[in-house]
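Chain lettering (A, B, C and D) follows the sequence in which the chains are written, and residue indices restart at 1 in each chain.
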Amino acid sequence: MHTLNEEKVFKDPVHNYIHVQHSTIWRLINTAEFQRLRRIRQLGTSYLTFHGAEHSRFSHSLGVYEITRRIISQFERNGYADWPHSEKLLTLCAALLHDLGHGPFSHSIEEAFEMDHEDWTRRIILGDTEVNAILAEVADDFPVKVASVIAKDYVHPIVVNLVSSPLDADRMDYLLRDAYYTGVNYGTIDIDRILRMLRPYQGRIVVKESGMHAVEDYLMSRYQMYWQVYFHPVTRSSEIILRQIFRRAKELYRDHYAFGFLIDPLPGLFEDKLSVQDYLKLDEALIQTVFSQWTNEKDAVLSELCSRFMHRRLYKYVEVESVDLEMIDQIRRDFKRVGLNPEYDLEVDFPTDLPYDVFRPGDESSQKQILLLDREERLREISEVSDIVRSISGIHRGKYHLYYPGSKMKDVISSLSDPVSQIFKR
Amino acid sequence: MHTLNEEKVFKDPVHNYIHVQHSTIWRLINTAEFQRLRRIRQLGTSYLTFHGAEHSRFSHSLGVYEITRRIISQFERNGYADWPHSEKLLTLCAALLHDLGHGPFSHSIEEAFEMDHEDWTRRIILGDTEVNAILAEVADDFPVKVASVIAKDYVHPIVVNLVSSPLDADRMDYLLRDAYYTGVNYGTIDIDRILRMLRPYQGRIVVKESGMHAVEDYLMSRYQMYWQVYFHPVTRSSEIILRQIFRRAKELYRDHYAFGFLIDPLPGLFEDKLSVQDYLKLDEALIQTVFSQWTNEKDAVLSELCSRFMHRRLYKYVEVESVDLEMIDQIRRDFKRVGLNPEYDLEVDFPTDLPYDVFRPGDESSQKQILLLDREERLREISEVSDIVRSISGIHRGKYHLYYPGSKMKDVISSLSDPVSQIFKR
Amino acid sequence: MHTLNEEKVFKDPVHNYIHVQHSTIWRLINTAEFQRLRRIRQLGTSYLTFHGAEHSRFSHSLGVYEITRRIISQFERNGYADWPHSEKLLTLCAALLHDLGHGPFSHSIEEAFEMDHEDWTRRIILGDTEVNAILAEVADDFPVKVASVIAKDYVHPIVVNLVSSPLDADRMDYLLRDAYYTGVNYGTIDIDRILRMLRPYQGRIVVKESGMHAVEDYLMSRYQMYWQVYFHPVTRSSEIILRQIFRRAKELYRDHYAFGFLIDPLPGLFEDKLSVQDYLKLDEALIQTVFSQWTNEKDAVLSELCSRFMHRRLYKYVEVESVDLEMIDQIRRDFKRVGLNPEYDLEVDFPTDLPYDVFRPGDESSQKQILLLDREERLREISEVSDIVRSISGIHRGKYHLYYPGSKMKDVISSLSDPVSQIFKR
Amino acid sequence: MHTLNEEKVFKDPVHNYIHVQHSTIWRLINTAEFQRLRRIRQLGTSYLTFHGAEHSRFSHSLGVYEITRRIISQFERNGYADWPHSEKLLTLCAALLHDLGHGPFSHSIEEAFEMDHEDWTRRIILGDTEVNAILAEVADDFPVKVASVIAKDYVHPIVVNLVSSPLDADRMDYLLRDAYYTGVNYGTIDIDRILRMLRPYQGRIVVKESGMHAVEDYLMSRYQMYWQVYFHPVTRSSEIILRQIFRRAKELYRDHYAFGFLIDPLPGLFEDKLSVQDYLKLDEALIQTVFSQWTNEKDAVLSELCSRFMHRRLYKYVEVESVDLEMIDQIRRDFKRVGLNPEYDLEVDFPTDLPYDVFRPGDESSQKQILLLDREERLREISEVSDIVRSISGIHRGKYHLYYPGSKMKDVISSLSDPVSQIFKR
């Protein structure tokens, strides 16, 4: 591990400065693959709801690296025996690169094309890339190790734990960062305090008991951010349109439709045959440019959806307490009858939220727990100790939302059957 | 002017909430032309220096609108007779739309293609656009009026003054917003205090004398932001590459080079024949996608420049106290001799800074002054009263920077003539 | 009601500016009685735990006034019919003055001398004071009206509601202010959003349903502030010492002990015979000065307690899950046996927390509810709608704490009986 | 030097956490002498202008310690050879204790009684105090060393430099802290950046040249804080009254006036015979209590001044461009003639400001310079390099202010001679 002659810093609004001390980290940041993350927004389409949320996964990845660096630095200052010092660079690299495989509008594109960003992260790390070359300079097996931390099967679970757990650097950074850029102040947590409370202990990261309140506050912040930001119905509406665009384009491609505009690597995407090099060409600039061109496609469904997305003409929604399959069927039939397209003019959405999966007897997955360490060195799962955590863990909130094109609905609502028109009248 | 049934708000990190009360404003925001501003960054390539600076002109335009709204609201609360109440909607529309004509990477593209964003703003407002249609609903001559405010020749100079002056809503918003998103804290000004100190007076906006310190602080903040952010040499480096790409592509187009990838409206841009509809297709997503495709062009100069821009392989620079034409000539000759391309491998840059143009006897342009109003209702130009303003007004700072490709230079530096290699050795 | 020629402002770190528009408010602030609040800390002895918490009730009272002003201003902007416009000045005066009767280290002194600050607030408002004179200039019955709002029996319950309810200006200000001055970031709430969501409705203040999340967040913040700040065991320790000092001094006075230092109005305080003028002399400067002098009293108990308070030599504590009367009795006997004084060397403390009293069927006190108003104009108690509120409402947290002088304990712990020494050994 | 088993932290609004790692520091904080600083406000009477400015010298002293700790930690991380590692504890102790000798309302009391707080700091450190005992445990000569750093004659000038220089921890903390507590945002500086730019170099602390902008910003912040806060005319007015109270009491004491209330250590103060133990009894609680009692003194001048101070009935002021001795004489004669007391009813004040003393050829006092270190390891005084610093260094701003009792003036102004009444009429 090469130390830089002089520490490099990035100015960051969330952490003030991001400190880079190793040349490996510095060089990874400067790879084409990592720079690509500048063209992928951290919150996908949320900027259509919160106009400030234009921040990139590049920023977030630097933030995750920085928090990880601070945690390790705290461990080293305190000389904790349970921290495997030799894993420092590995942990930092994995933290920095953990989101490398994210595609444009990640959640929507993954759903539409059944991709998995973690899988792509590993492929990029192990493939013929600049990132791989730099990692391989550390040691021949270093890329494999980094990929293994991402895959959560690395031999030292504590390293995995730092990069991926209910209280990991990833979650802490996105909470703070998303709150900062949306302007929503629910995400402000006392990160300094949380960091001071973390300890490596018997192969995993635990929290000193005196940090319980800070962790409660962190979980409440997550809870609020889920409802205020991540599951915002307007954002869901834009995601729905995005997925419909992808779905329509895929259908058209399958049916040999002659696109007026089609560039690489879209065919590969439609055919599920993307090489790593193809995949790296995918970014949000490309997707937006394609959609912009597609506003002129002769296929009316595709061009309309693309116009909606580009000019932010989103679907409206109604909230319903519950909805059964029969009713959905009736709505679809009604839609068809009055000339709406039930395939594209209706989406049923049920948001779910699990801010923290509580311990369940017999649950083996200790990686999903937050453990408190008390003065007598006993470990307890936080939901055993905290009423707050226990009470929010059980909450299943959220209602069904029916999304539909508002303008079209206006014209036909009077022709819908009574129970259906009742729903959309609100 | 239609008041909305219920005020709409946008959550904004800088102003907390942006309040929309008139349906005209609401509908303008929802036009395709205004939504396009989401795809144009406020600070152009600065995100390559400050990774947080990914905010759009959409955000900024809302901010300018909001500050203008607050100023007018203060004028109305205080019942100032000099404020022409009937101009409220006009002023708000002009504030909202003043940046509508910005192109992608605005400063660079304007320089490369001799365009003017204010000119485009007026063309969009007066052209066959959604914005025009909505404005025309207010009154037939309303679009012309808005365009006239943008052109700074509207009949009521106070309206122009609010939208464009050394202490206008535009500058106040960008100072705060750019500071927020870069994370640089030099731009924090006491905007509430400044707003309270503004007064309409004899056809223009003046500042109560007791607000002098707040204005000094604002000018100092601008001064610092210029040097810390706007003129940052790394940002200049990325702008230089951008301009070189535009220049090279224009040359190639002129010389009938067969581009591997070329989409509308690029030909129109190269031929200086853009319609309003063409222009509106230009955004940063398109530019980035084109550059990304061009990394594979066979023209080596173009493909290399595009790679540099997309993967952030910027030019290095050296700072020199001064440089004369003769020396530049010698450098060019040397470059040529050792196989560098003086047309593209060298750029000389001299940053200038005029945070506030001081009053000069005989200067007619009262629009460029900040006037203080004292208790005896005397008006004085701020630089007459403030030592601070006077002292920073005169400062011409900045040095010459020579930009060049660092990797190429390494190979040839030993072959350069002595005085030239001295310069680039540092 | 006299409007000031020019609005006056106070610079405030929490609300940025506090705006005073009426001369009555301005003059009330300048009374001797209101200025006295500068010498009474908002958080009593909390500054011994959080050194930043040195802010006064003067600051807080201005903040409560300002929030109330903003709420009313919102009501007026929206032209809500249910807001009785003529009560504006009354509401503002009551908001400003509601804490006027607080004594030094209020909670402790009230407990020790069975006083009630609301009662004193009314006595000051109705007594021969500057405040009374200024209020009486508005109308003869105006002081009585203000006192009646404080007493919560004013004829318009909506006025009472604004000044005192689970979501009143008082609670909102102290949450924000205490968080700011302690540096604890749990109290950051989106006050702008909450204010926008308030509505006068059928004689009380209700919250629009869309503001539910903001209210949840506010209640969670209160919950966290209670545990992190208000019930901090170190603060409790200092309050215990304070109460013991008061208790000891009262006993000594009753027993005709010859104090080395005793000034007015202490005798009146001990005899429960304070006039309004006497009461107004009580402030924290006086209490601290008296304690400082008493560090030299010959009564060892008093002088030691005063030294403890002045030099922050607080009692230590142990936390126990539960403790029964029998055990306490045994501890007392043990203490006596080993030479400790059970009257002063032991305090048992059980903190309780009720962040929000939930609705109970049959509960008449609608003043204690937070009501949500949905689009169909139905009112619902928030705990009916919010899982979060329901779950935190039921939580009874906190453990018993036993406080004792740590240094003395060290010397005797080995002589204590086994079960007792077990407790204090931790 | 004893390291604590576990680092202790203080929650601080300015630095987030203050970290204590050595038991010596921990024990010094817990001394009676250091705890006394809780009862001395950092900004004296400024809380009468900015109600939030109620923070104590205790808070500030912790802040100075913390900044010093961070600077040293940076030096150690970077392994700078010029930093004498063995002086760490000494530097930290001196930083923590440097304000120990401040009296109540320090600037005013020092002026009135010709005291010097640095002198008292040394006396407390060397006297029979808890602080002295703890320091002496480190080494016999350790108290002398600490006192010598305070006296600026310690053998290693770099230690003195850290604790006292134009860019020392003291100034940085008070700028940030005073801005935070007043709510004025002129004092926000990028302290992390400044700290990173400091280097020990040849026996003093210098700044890397690339930190010049940050230092400029810091000096501008100081400049603004001086004018907005430290020299605020309302604060000056309260200081004037304070000094008059001290002056009057001293005169009365000298003239054997029978005070209705007089407690230790006031006689010692009046006679200039304070022991260290006496001095430590002086705090702002005592001063305020004495003044409160003195509002009932039979000496009308004293009782009125004390009422003014306690109830914030400050002197009014007029601003004049210049005033000569003759005019002052005439005012005094006029005042006498119309029954005003020129000794107490008039104060002439000329504020001065030297944000940064520029280098003057021949100036030996290198301790007063800020030196920049460039890449070629050349040292240059900042005002040689920075236009901004040069331009603000020369500014002598400020006007004369004449302070007087507004209410009395009203009654007599018509009887004053013409030129005098002109002045006070504004």
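Here is the rule we go by: contacts are C-beta pairs under 8 Å (C-beta built on N, C-alpha and C of every residue); 3 or more make two chains touch, one makes a residue touch a chain.
Computed from a predicted structure; not experimentally measured.
Placing every chain at the mean of its C-alpha atoms, the farthest one from chain B is found to be C. Of the two chain pairs examined here, C-D and B-C, the one linked by more C-beta pairs in contact is C-D. Here the CA centre of chain C is 32 Å from the CA centre of chain D. Between chain B and chain D, the centres computed from C-alpha atoms are 43 Å apart. With centres defined as mean CA coordinates, chain C is found 51 Å away from chain B.
Residue numbers of chain B whose C-beta contacts span two or more other chains: 16, 184. Residue ranges on chain D touching chain B, taken from their complex, read 184-186, 188-190, 213, 216-217, 220, 223-224, 227-228, 387-388, 391-392, 395, 397. If you check the complex, the residues on chain C that touch chain D are 10-14, 16, 30-32, 35, 38-39, 47-48, 50-52, 54-56, 58-59, 62, 180-184, 261, 263, 281, 283-286, 288-289, 292-293, 310-313.
Within the complex formed with chain D, the residues of chain A that make contact are 9, 16-17, 192-193, 196.
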